[in-house]
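I have a structure here, written as structure tokens, and I will follow up with some questions on it.
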Amino acid sequence: MSDYSAFKVELTDHIAHVQINRPDKINAMNAAFWSEIIDIFAWAEDTDDVRVVVLSGAGKHFSSGIDLSLLASVANEMGKDIGRNARLLRRKILQMQESFNVVDRCSKPVLAAIQGYCIGGAIDLISACDMRYAAEDALFSIREIDMGMAADVGTLQRLPRLIGDGMMREMAYTGRNVGAQEAQRIGLVNRTFADLPQLLEGVMTIARDIAAKSPIAISGSKRMIGYMRDHSVADGLEYVATWNSAMLQSADLKLAMVAHMSKQKPVFDN
Amino acid sequence: MSDYSAFKVELTDHIAHVQINRPDKINAMNAAFWSEIIDIFAWAEDTDDVRVVVLSGAGKHFSSGIDLSLLASVANEMGKDIGRNARLLRRKILQMQESFNVVDRCSKPVLAAIQGYCIGGAIDLISACDMRYAAEDALFSIREIDMGMAADVGTLQRLPRLIGDGMMREMAYTGRNVGAQEAQRIGLVNRTFADLPQLLEGVMTIARDIAAKSPIAISGSKRMIGYMRDHSVADGLEYVATWNSAMLQSADLKLAMVAHMSKQKPVFDN
Amino acid sequence: MSDYSAFKVELTDHIAHVQINRPDKINAMNAAFWSEIIDIFAWAEDTDDVRVVVLSGAGKHFSSGIDLSLLASVANEMGKDIGRNARLLRRKILQMQESFNVVDRCSKPVLAAIQGYCIGGAIDLISACDMRYAAEDALFSIREIDMGMAADVGTLQRLPRLIGDGMMREMAYTGRNVGAQEAQRIGLVNRTFADLPQLLEGVMTIARDIAAKSPIAISGSKRMIGYMRDHSVADGLEYVATWNSAMLQSADLKLAMVAHMSKQKPVFDN
Amino acid sequence: MSDYSAFKVELTDHIAHVQINRPDKINAMNAAFWSEIIDIFAWAEDTDDVRVVVLSGAGKHFSSGIDLSLLASVANEMGKDIGRNARLLRRKILQMQESFNVVDRCSKPVLAAIQGYCIGGAIDLISACDMRYAAEDALFSIREIDMGMAADVGTLQRLPRLIGDGMMREMAYTGRNVGAQEAQRIGLVNRTFADLPQLLEGVMTIARDIAAKSPIAISGSKRMIGYMRDHSVADGLEYVATWNSAMLQSADLKLAMVAHMSKQKPVFDN
Amino acid sequence: MSDYSAFKVELTDHIAHVQINRPDKINAMNAAFWSEIIDIFAWAEDTDDVRVVVLSGAGKHFSSGIDLSLLASVANEMGKDIGRNARLLRRKILQMQESFNVVDRCSKPVLAAIQGYCIGGAIDLISACDMRYAAEDALFSIREIDMGMAADVGTLQRLPRLIGDGMMREMAYTGRNVGAQEAQRIGLVNRTFADLPQLLEGVMTIARDIAAKSPIAISGSKRMIGYMRDHSVADGLEYVATWNSAMLQSADLKLAMVAHMSKQKPVFDN
Amino acid sequence: MSDYSAFKVELTDHIAHVQINRPDKINAMNAAFWSEIIDIFAWAEDTDDVRVVVLSGAGKHFSSGIDLSLLASVANEMGKDIGRNARLLRRKILQMQESFNVVDRCSKPVLAAIQGYCIGGAIDLISACDMRYAAEDALFSIREIDMGMAADVGTLQRLPRLIGDGMMREMAYTGRNVGAQEAQRIGLVNRTFADLPQLLEGVMTIARDIAAKSPIAISGSKRMIGYMRDHSVADGLEYVATWNSAMLQSADLKLAMVAHMSKQKPVFDN
């Protein structure tokens, strides 16, 4: 694994555990964070041995969001002309969005394990994951509203696909804290666990389960579900027919069928 | 009623009860199933006397999904060229999708009553229905993942419109069983009933309630809701204005109004 | 404030309280209602001092929906030719939709406080609001089905974005009553309160909280969430980058930052 | 007809002739222009006796576009905060767009007759019309680029639907003059005429031809073509089926059929 | 070949020549026409030996459009209730549309050869073809406007994708005749030929050229172009990548490559 | 400028001249081509001093398309499993598409100057440019059909937005050569020039003209036109209002206004 300053990355049994690793800074997202995450997910995407990604935060909290010093450095780049500043800001925002787009686009499932604070940019990040699981002490908050701005790296774009419209707006307009239980009730997380160790064990169990499936079938399922966020049912049906016209010719089906008949667990190639 | 080998169909009091009728095969979907369902829904669509469709499975289970012998027969049709096999597979998938598209397109509400196993292709089928009701013993599973493939006859296309994104992905990637209570909690079914007799009675009561409404109003409501799955709010508003420009000239409104004034139950034509 | 016959409007501490004010008619929506609401929301939109709108109904009930005498007057305008009647009806429906479109389009959050009956056109209205809160005695019903018609001023277009598809259809096809608790469970309302006084106090507390935020950030957040109802995630990301390229140059960010550092509450301009 | 300061409006034989009437100012679009056009098209829309609109410019030129004094007055409204200025500008632009949206939305065909300069805002305007006809001396130019801005009241949105992408971009990036012949070749105008009198006579002849058709059929055709700018073929087919389900019940079909049989010219009601 | 009453169908050298064969009725589209065309295109679709379809009209004219007696028979089915009549009309129109949708959906290129009248429904038909070629005497007219109705089987939906918006509207609103030369100038036909024999020979030459290409490559190209009518560039790029992930594994590429190297003409399987 | 093996790049007077520079290989697109073009356009995008890009080919021809040796190297990477090969191919195609997406996404206008062969991949490339200009000897051909494949790096996705549907299909199905004159007639190129020197001089003149405009206005115009390829008119209008809410606050407007008043040529910052 490469050496990262904001992350710790491990690959075991087809599962890449990507951990935000700045616990003394409440895992605040600094410049290194925003660039390293792109490299990490490029590696995860290109490494066939990675079948599932688990995303977590080292220490007591998942992440407190963007590091404020980063905002200050952008402010320093600004010049006199409002139009050219707008051009600069637009570029910067699109760049930062790309850091979470790679999570969303990753063809392997990404599971977030969340404890403690999950605030501001951290909500943008987990919104780009496939599934979210939380420890009982987790606290979710769309904190951008208290910074005088509309969230612009994914929360307002992806979260409305995950939770109901009414609660979405309440969270976005008030920035209030939402606990783990309420988060599960509104569909923000799939399940809650008593504490951090149980959370990590629970999420790893699910990850191992997924890693044992056919990677061809998993990546197909992920793309199809992602596609449906933005397309009509008719489009989705045609797309899956085209997709599967190649993928059903894979050996994995026969392997699965034989295993099914012989009541054995199939072992799939990467 | 025509004679079907995979279904039993009855029409009573404007309600077509369409029952998958291969209980000794756990209602597995064989070749007859996939073609007869098209005829049945063509009949239901064209028969004005049918106002509601109830879909259920004979015996202990709703359905175990596609009959594996059917997959084998497709495999036999394949030739040497990968491109031409892809062409063949694409056609076959589109054909099978059509068998559930007719359920989705049917202008009359389709209510699914589900007990026992509801697995694989059965999830594709109930995703194409309007509402789903379950007995306490119902078990839902997107089993395609264990066949080494992405579900391709509707589950991955329609289910994301029915349940939250997070649970959708967990079900699709893990194939795990979801019970009736959890199914209700995540919005997959509207209500649960203690056992099969109560389920059928409950669903029939709802069906009778719907059958007593103006068929003009019901089919309009269904089309409008279906339309919103894939269109913008602005498009939807214009469409309903155009739709109702004809339908509000129907006699059913006056009939309903008179009944409302006289506190009587209106009786609508087919 | 202007003088309205169907509404009572008050502006206090940046919160416009818009109350349907025909309690002896169960707040039925008469001709004055449909035209005055357009003026009220034009005023709310153009008045920078208005930062949040609270919508409620005077008396025991929120509203029983459209006043039936209004339907009768439309019927009187109809002539002999079916095509020209259709043209007339289409225009009328589009006009009435506009009365709720102004609520939806309003760049300030609109919170609905609902007690007692919330029926027919009242569902269309609350579907156009940002958030909905209810007293325990609230009763929701898509009553249009019992008038022999498909709802055409927004319920069938906006409600599918708020609640799950299965319950949406059950409510639309059966017109059955849904109580406050069930409404919360299916996501129709965010929270329930014991009675009307507590409801109003609770909603006003949330409104005050929102009114204290940066109006630039609130209107940006609202537009972004509204945009996501009808656009792809990729479109949404680009749009927010463009939006914020201007808005991040506002003084509100610095103000918020300074307040955050000094642990004080920032005070934002309109 | 109402009294307008920027327009002259006449209604003869079902044709509303709307003439920009500031010839000494090269028909520059001043404040009166932007507000009066809304009233004029509201009148044209609501007046069933208006079946076609012809839009032209008094004097030697069609129009030189927006009056620069108007831009100055907007500049005067601006304050100190960049974010709030952006909010103000966004509102102003949306308002000005609305002045040409009413032309686009008008359910009756709008024919533009163009001589001399057709520059800047005038291109935005004619892009919102149904058809464009030109005198040989007409000169078209997307002049906004020379004002240091991207055109924002419709040219960049509607013109790409009218002419090829390559020429669209050349006109937008260079602002170069395009003559009548070239305009016809690239599809910007339907036909050219030798001079202004022949242009007006030619356009009036086409307008009379259209005014003699069934207004029900004309408005249906216009809405269907407009709809196709922004929707899929499948959506368009469903929409026309729904539209015509009412309109084919109009008496105009029988009238047309009888006239056709008896080789006579039918006379349709408004 | 089956026996058709409204068509004559021949298959030679991979080219299905489908000829409307009611020359004494100016190839008017009667009931047999509308149902037989569905069977013919189902056969063309399923028959791998058919690689191109040429559509033409027997006699002096291509077709005068719908047979008026057919409209009369629909009128006879209508009852008393306007709402139920609308339901009936909507179904009928959707059915008739399907007769041309099969042309549009056909995975093999369809070339129309047009002489003499091409009027009303004939425009709907040729709009669903891939390419159009005309004899010098061809006359095109959207005649529906003179029947008091908006064209509803495809002209207003597909023609706007083929010709410029301005001429589209002129043709739709005026119903005027457009000759072969003008048709070519506005992009309605690809090329004109002096007379019918030269037209047929010219079209057959193009058809033979296409029939000699890889059918896998042709059907892929056709689907991709069809897809772009209704999707974004980004969607199209992803779709072709998925499509070709199977199709580039076909033997046809190697065959083409080898032929290219050896300067020989490749011979592809069906 | 960096050192490129497949390109020669020069920056003079705000114009980046990007020349494919493998004249002895007819500028065939080899591995270096596909990766260097990404770097070049990243540089062009980030370098504010670049305001326009001119793309041309060294020698007698623009480009003969993809280098066949590149296809061979992909074939070598393929393994045994059809599903995993499909996964590999899909990735490769998406990667190659990205090489032309950077041209399309570039915020500065890209003008293509084309002489001699412009074949296969070269059509994909010029379809991603803003405008195309040709020497009289230019020959355009969608040659992929003769390689047994559907074009998959942009031709079938972007060209339908540039030329009419009928000619698009003829070119795609037959692969026939289209000369410069015909290319202009169908809208594929904007203008033709007698020979290569005149072509380059003509294109440079247009480029210089564009480079002298406000870069803020140019990039805004380009994004707005690009946006309209894939969005509705209503979406486009809202987007330009939001875009210009920042950009109209740029100093370039005042500069342009002052220059306009004083009849001088304005000089804009990068």
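Per-chain numbering from 1; labels A, B, C, D, E and F assigned in written order.
Please note the rule applied: a residue touches a chain if its C-beta (ideal position, glycine included) is under 8 Å from a C-beta of that chain, and two chains touch if they have at least 3 such contacts.
Every value quoted in this text rests on a predicted model; they were computed, and no experiment measured them.
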Label-sorted list of chains bordering both chain B and chain F is A, C, D, E
Consider the two chain pairs A-C and B-D; indicate the one with the greater count of contacting C-beta pairs.
A-C
Fraction-based call for chain F against chain A, same above half, different below
same
Sharing more than half its contact pairs with A-B, counted by residue number, which one of B-E, C-D or A-C qualifies?
A-C
Need the CA-centroid distance for the pair chain B / chain C, whole Å please.
33
At what distance in angstrom does the C-alpha mean of chain E lie from that of chain A?
47
Specify, in ascending order, the residues of chain F that touch 2 or more different other chains.
82, 86-87, 161, 216, 229, 234, 242-243, 245-247, 249-250, 252
Going by the contact rule at the top, pick out the chain A residues touching chain F in the complex.
80-84, 86-87, 216, 219, 246-247, 249-252, 269
Would you mind writing out the residues of chain F in touch with chain D in their complex?
109, 130-132, 161-163, 187-190, 206, 209-210, 213-214, 216-218, 220-222, 224-225, 228-229, 232-234, 236-238, 240-250, 252-253, 255-257, 260, 266, 268
If you look only at chain C, which of its residues touch chain F in the complex?
231, 235, 239, 242-243, 245-246, 249
Partner chain F, residues of chain D touching it in the complex:
68, 71, 82, 85-87, 89-90, 93-94, 97, 101, 104, 144-152, 154, 156-158, 160-161, 164-170, 172-176, 186, 229-230
